[in-house]
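Should a chain be cited, it is by its letter among A, B, C, D and E, assigned in written order, with residues numbered from 1 in that chain.
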Amino acid sequence: MTKDLSTWLDTLLDELQGIEVRRKSSRRIRVDVQPDALPALLELLRGRASYVHLSAISCVDWIEENEFELVYHVWSYEIGSLVSAHTRIARDPGVYISVYDIYTPAAFFERDIHEMFGVFFEGSPDMSKFILTEWDGPPPMRKDFDSEAWVNAHFDFQDYQPDWLKEIEAKGGGVAVRPDEQRFSRRDVDAS
Amino acid sequence: MTELIKTPRTGETLPVKAGKRTNPLANVFDELVRFAQSRSLFMLHYCTGCGAIELPPSMTSRFDMERLGIQPMVSPRQADILLVTGYVSVKTLKRIILTYEQMGSPKYVIGICSCTVNGGMYWQSYATAKKLNDYMPVDIYIAGCMPRPEAVIAGLRELMENIRQGKADSWKDYYRHYDHYLGHQQRLFGETWQTPTDVIAEARHYGLFGPDTLGTHTALLEQHQRPLEALEMKVDIPELMARR
Amino acid sequence: MTSLDHLVLVSALTLALMLLFGRMRIAGRLAVVLYAVQFLLLMQTGALLGEPVASSLTLSVLDLQMHWRYDALSWFFAMITIGAGFFCAWYAAGVWQERYREEGHSPRLFHVALAANVLTMLILLGSGDLLSLFIGWELVSWASFLLMAVGGGPAGRAALRYLVYAFSGGMAILAGLMLIYTQTGSLDYARVLSLLGELSDGQVWLLLLLIGGGFAVKMGLLPFHLWQAAAYAETPGPGSSFLGAISARMGLYALIMLLVAMLGIGRLTAMEVPFTFLSARDLIAWIAALTVIIPTYIALQQHDARYLLAWHGIGQGGYMLLGLMVGNAVGSAGGLFHVFTYGITQAALLMAVFAVVHRTGTADLNKLGGLVARMPLTFLVLLFGIISLAGLPPMAGFVSKWMVYRSLVAEGMPLLFVAAVVGTLGTILSVYKLIHNIFLGQLRIEHEQVREAPLSMLLPMLGLSTLIFLVGVTPGPALSWVAAVQASLGLPPVPYTLGGIEDPRGGLDMLWLVGILMAGFGVGALIFFGLGGRSKRVHQLDNYAGGHFLTADVRYQYSDNFYAGLMHLIGPWYRGAFLWLEKALTATVAFLSAVMNGFYRYAQPALFVLATAVALLALTTA
Amino acid sequence: MIELILMPLAAFVIGLAMVLMMRRIGARLQRRVGPPLLQPLWDIIKLHGKETQTSHGLIHELGIVMAIGGFVAAVTLMPLPGMNGLAEQGGLIALVYMMMIPSLGLALGVGQCANPNGSIGISRALTAMLAYDIPMVIVVFGVAFFYGSTSLVQIIDAQQAGGFATWGIAEMPLLAFAGLFAMQAMLGKQPFEIYVAPAEIATGPMVEMGGKFLGGLFIMQCFQLYAAGALYTLLFLGGGENWLTFLIKVFAVVAIPMSIAFLFPRYRTEDVVRLVWKWPAMIGLLGIAFLMY
Amino acid sequence: MISDLAVPNLFVAQAGQLVLPVVLPLLAAFLMQPLARVSTALARGLGPLVLILCAWITAQLWIQLGDAPFTLAIGGFAPPLGILFYADGIALLFALAVPVFALLFWPGSESGGGAGADSRPGSDQADRDQAARRDALVLLLVAATTGLALSGDLFNLYVFYELAAVASFGLVALSGTGRAQVATFRYLMISAFGSVLALAGIAILYMQTGTLNLGQLAQLAPETLNNPIGSAAFALMLIGFGVKAELFPVNTWVPEVYAGAPARVSALLAGLVSKLAVLVIVRLLVLIFPQPEAAQMLLVLGVLGVLTGEFAAWRAKDFPRMLAFSSIGQLGIVFVAFSIGGEIGLLAGLAVALHHLIVKSALFGLAVRWNGSLEALAGAARTSPLGAALFVLFALSLVGVPPLPGFWAKLTVIVGLAERGTPLDITALMSILLVTAVEASYLFRVAIRLYQDNPDPVARHARRDLGVSALLGAVLVAATLGLRPVADVLGAGAAQLGDRAGYIETVFPSHVAGKD
């Protein structure tokens, strides 16, 4: 059975046009696919090759190429292998289609990606705030999000230099790298 | 950048008057009560991060907090000490504030681990609060990543000493400078931020009202606050009301 | 015209006036006045302490004499009946009646039904022979049916179920009476009494089964209890109170007549249940004990306040019979006294629940909560009621239950004692559920604007609560009635004092107990309010829920399946208990009915004619 | 009359010592030092000395009053050496029911808090009460039946008549065992403390109790421990010939469940019911059977 | 004793009027058809007029002649040979009831009962013909049933019985629906078989005794009929006359016919005709077959009727059918009562029979509108409050709730059974009590349904039907209030009914007796 299915998977992947299949190991297959073909691929994998479990959707921000890479990890319990379908979409406007109708758990991942990367999935049931309930900044996982600047703008830090520390420092011990030196960007902010 | 030992205040700092304590028991046996308070501490360990792992050794046979009169309690209503044991994410902070406000005064906050001081190793994270004492008055910080049980016990003893001397009254600060704390909270959680505890009404009720209790932030709060008056028991017999 | 005639005439007048003027707004108040007059007339009869008062009316049918008289037992039950009628009419007289009218019901019908109930009960209680007892019994059954059915809808279905039970019971009683008649040739008490001793044990068993079973239906003894809860619960407010307070006790009255007055405890003790070591008295006591336990734990499962209380009504009946079956001075007094204490308790409780229904429109325990802030006086009434129902000091219910327990200890009946306590514990559990789910916990957003019960409903409730407390503190006066009843029944009278029971081996003095309890509360209050600091009342949403932010639109009160752990364990033990019996009987009737229908539908009529003719001829000529 | 004041007072003091003993036993079993001598007192003073306290309404407050008051009243029904209090007026059955009033009061108070954890705790506590009260009343019945009286004074007199041989524990060992078992559950000690379950339902009924509310409950706990110990002593250990023997007996009685408690995890609610209805109840019934036949 | 009366002439003249209640309707029935051709109004008025006249005559007779029984030999032939009418209190009571009830349930123009009859389009002439035919049939029925009440002669009884059968076939079939016709056919079949058997029974009697005069049979019975052959004759006649009297098991026509026929006809059949048939059986039982076997037969069949009828009614789905089954059960009780014998048995039987006559007729009167399924009756109390209240009243009385007459009637039966107290009696007693509970269950299921909320209840009653029912209800209430006089009258009637010697004495005044 398992053998049949994996053979069937090979045939399936061979038949599809415009995809690139790379076998990373016996149980991992990487498939690169065009964005418009991805839903069809997932449909086939799920419906005809027993890949019923969507393990995760991950997102990579390729800021230089101005693209988001979305990786759909689907798992077959019967074949015992993981297919990672990679696709790239334009970073701007960052809109893609939801696979909620194929894999129901996708709603959860898509909502997460929308929150963290700002990718909008059309057709996903709920694109509202998920973890960052009061978040009003840009999506924080994007490469162009400056976490430190944001932290500096929203939080205060406190200074703590007790006398006993000074004594130790005078002896050459204590904190090796001063916080101010460590926080280079902060120093820049202070300078500017 | 502010100094840790100084309590940060936005408005003008006024000397705290030794006002009449609201508790009749406390008025008569002030010393006794303070001693009892220092010798009987119920701690609510709000286990926010990794620091909580150091508490079981502190409580159990090796270090035995109970000989100091310190017991763990699970409900904020019963507890005296709020132990914040580790990094505080923004979402957690809301719950910490809620929990803090539900505790009965006198109440004490202990920040354990470096994360509560300045964010610790999460100093750069957009989702971790950096300075706990921006959001509530902190009595003792026990720094370290993580502090050992000895350090925790030392910190608790320090607190007990402060209580016995009547120095540990930063809980009053929350009422007196509520506007300041609320401001920081609103900065993180947005304008619609509200806890179910009506701090201002409590301050009025217990005579803990200070000049900085109200301010711009509390005004903002009042704009969209859901009413929090207690459900008073009312004998509302229609016939009698009509006759009146 | 004797004083009894006056009483019954006024009662009949009440019925007539309600028929005539029931439509008017004044009818309710008129009824209250008339019940008060009846009460005064009853007080004047002097049937309690003196000789029985006879009615001047006698009837004779088929050589069977019927006459009516009141003795102490009748007086005691009539007192509770009229009292219940009085308070319930009062409750109904004002706003309740108007609301009832607005909802499209007929207040006249209700008043008539209530008056008919009181009248028929008075007639039943006065019965001077078995035939008048039966007639009174049937009248009461139908009057109750009327009161149950006036609500319509589910009330109608429940009433119909009641009717089937009651009527079957009535027929069983009639069969039993005919049995007596064939044996003694008379239905007169005195004559039957003198001849009952000659009956064989088998005949007495049959009698117990038929007549006792018939009376047990009304009382809701196991296994005939299934009809009662729904029928009582679905009756409109004050009617439900009335039925709950006294209606089922008519069954007890009749059982007392049968078991205590006619057969006597001694005879029951002498009768062995075949193949066991139990006597008939033990058997009845055990039926009573099971009647305490099973309905009480069914009450625990209810999620409708009315049903919960109605199920308790069944269970409490068991205590009364249990006390009577113990049969010593304290026990029988406890059983009788419980009729009184439970009557006032149940009336107050149901009134309070229906006041809540009046204000909120629901009795569903999962849809209420937190009403103490809005209806504090109703809460107080319910609180007094549940303390009394659960049999905790210092309320009336404690005294009567204490007496039952004390007698069980004195007589050395450990299992029955445990059974009684199991019932009490179940009661405590379920009444707490009742008060918790209605009055404590989260006030729902839709009940924010609820107001206290209207004055016209509140006053009778408060009156009953006061009575519950007063009887609890000084049970002496009420116990004096009970002692008189015992004397008239030939039972040893209970040694009572103002505060309770005199007993060298452990008595009860409620005056002291209540005093020390109040003193204890005083100390508690002193410690709490005197020593502790100021407290501030907070909003109910300011509540620790593991750090969760509570909002008004979310219902977080824990009320559904309140005793989940317990139910998980004991639920399967009695789920659907006795329903199988009812179902089996219904199925039998349905089957028979189908067979008979089939006979009439069978399309070969000529065959029958021939077959019958042949059969008859064969029979006659053979 | 002075007895009526002295009896609760003595009960409170003894109860404080019992709380201390309980915590010390627990500490010892866990190889800890345990709290200092006056720790129970400091706790109570501190709780009453709280500056801000949260009330959820009048019933919340009255619940605590009822909880303390019920026990204050109950202890006056239990004769001490030289003091009979109200034992003549109430008797054993009244005492048992009097001791249910605090539960009811507490339940009402907790209910008013509108806290789901509190309500869950109360539902479990009442279930537990249903469980342990059954062996309890079996025991009470057995004793009352054996001595032919529900008056505690007479029961004690009968026990003291012939020294140890006429003590309840010697006459009715099975009932005495059942009573001890029931007491374990009655005190809500492990393994029967599902209804407080600190980690799961935040101490159940006590979840909204802070300050003087909790202080009141601590006082109630003192009374509760005393009442349980004293009741058992009165029923089975011949009461107190004098204060010394009385105190020894009472503390010994309470020490037993404490010592057992800290060795156990906890049972689920239905398992509590099942266990308590099975063992102590059956043993109690067996004991009664021996008495009667 | 009658001949001792002071005014013999007047007496003879009046006793002669006894024949009029039979003859007048008969004549009118034959005249009806021709008259309808002449004048519709006249034809329509004729029936009621005749009935009123009959009732008046009977009432006059009853009032003026008092309680004493008397006979009328038609054409003056002496009793054993000629046709004899025998009138005692009970006979006159029934003879009075016949025209009165026929009048009350006179199938007027707006009736129909069967909706089919109303909705059928037809010419006026056809309608008129049909009306005339119907009126004629009713009058025929009246004549036949009055004859049944008064006849003192077995052959005449048989003739009148057949006449009544024919009239009722016609009436049932008249509504013309398929259901009615099927029912009629079944009725016809059973009736025919029954008649044959009855005739066979009569033939046996005649063979044994050589006479069919009841008085003479009564005289001869102790010697000639107190044997298996006599019992067999009784069995055959019981079956024969039992068809109309709804005796188990020859009553299988009942539900179909009552459900199919117009409700007023059902009222007449269930209320009136069945009672007259019962009266015939009782006469036979009392006069000719006093042996215990006969009574036992009646008892057993009665109990079976009670059980089958009431249990079957429990499952009935429509109103007339339920009433029909209930009717079977009630008549079973009547048989049980009569089987007890003695004065108490006769009293009980009479009481139950008369009670049933009133109540069941009235209920069928209500069924004119409520002729559909029980489901459809939901909420009917809203449109017809009086009707619903009357239903409850009748139901209460039917199941026997004190102090309504039904209770006393049933109580008398039960006391009678208890007094005799054989095992069979006790079984009967228990059966009656058992089915009474079943009866209460199904009747009050309907009562509750009447008072349910229903936005679309059935139409209200016609005023006439309601009026009739209300009238009968009033009678019932009056009987409750005047229980004592009613009981006295019935007691006297029962005594008369049971007085075998008196019957013989009346038919053959003392010279005959002296001859023996």
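Quick note on the criterion: contacts are C-beta pairs under 8 Å (C-beta built on N, C-alpha and C of every residue); 3 or more make two chains touch, one makes a residue touch a chain.
Only a predicted model underlies this, so the values are computations on that prediction, with no experimental measurement involved.
Colleague: Can you give me the shortest step count from chain D to chain E, moving only between touching chains?
Modeller: 2
Colleague: Sort the other chains by how far their Cα centres are from that of chain D and give me the top one.
Modeller: Most distant chain from chain D: E.
Colleague: Using the stated contact rule, I'd like to know whether B-D or C-E comes out ahead in C-beta pair count.
Modeller: When the contacts at B-D and C-E are counted, C-E has more.
Colleague: When the mean CA coordinate of each chain is compared with the mean CA coordinate of the whole protein, which chain is closest?
Modeller: Central chain is C.
Colleague: Which chain's centre, taken as the mean of its Cα atoms, is farthest from the centre of chain B?
Modeller: Chain centre farthest from chain B's centre: E.
Colleague: For chain B versus chain E, what separation do you get between their C-alpha means, in angstrom?
Modeller: 95
Colleague: Taking each chain's centre as the mean position of its Cα atoms, how many Å separate chain C from chain E?
Modeller: Averaging C-alpha atoms per chain gives centres 46 Å apart.
Colleague: List the centre-to-centre spacing of chain C and chain D in whole Å, with centres computed as mean CA coordinates.
Modeller: 35
Colleague: Note the residues in chain A that touch 2 or more other chains, in rising order.
Modeller: none
Colleague: Show the residues in chain B shared as contacts by 2 or more other chains, in ascending order.
Modeller: 22-23, 25-26, 75-77, 102, 202, 206, 230-231, 233
Colleague: Using the touch definition from the top, which residues of chain E touch two or more other chains?
Modeller: Expected reply: no residues.
Colleague: Going by the touch rule stated at the top, which chains touch which?
Modeller: The complete list of chain pairs in contact reads A-B, B-C, B-D, C-D, C-E.
Colleague: In the complex, go through chain C and note every residue touching chain E.
Modeller: 61-62, 64, 134-135, 138-139, 142, 145, 149, 152-153, 156-157, 159-160, 163-164, 167-168, 170-172, 174-175, 178-179, 181-182, 589-590, 592-597, 599-600, 602-603, 605-606, 608-613, 616-617, 619-622
Colleague: For the complex, give me every residue of chain B touching chain A.
Modeller: Touch residues, chain B against chain A: 1-5, 90-91, 117-119, 123-127, 129-131, 133-134, 187-190.
Colleague: Please give the residue numbers of chain E that touch chain C in the complex, ascending.
Modeller: The contact residues of chain E facing chain C are 186, 189-190, 193-194, 197, 228-229, 231-232, 234-236, 238-239, 243, 249-255, 293, 297, 307-309, 311-312, 314-316, 325, 344, 396, 399, 401-403, 407-408, 411-412, 414-415, 417-419, 421, 429-430, 433-434, 436-438, 440-441, 444-445, 448, 451-453, 487.
Colleague: Where on chain A is chain B touching in the complex?
Modeller: Interface residues on chain A, with respect to chain B: 131-134, 136-137, 140, 145, 147-148, 150-151, 154-160, 183.
Colleague: Quick check on the complex: what are the chain C residues that touch chain B?
Modeller: 370, 372-374, 376-377, 443, 451-456, 458, 531-534, 536-544, 547-550, 552
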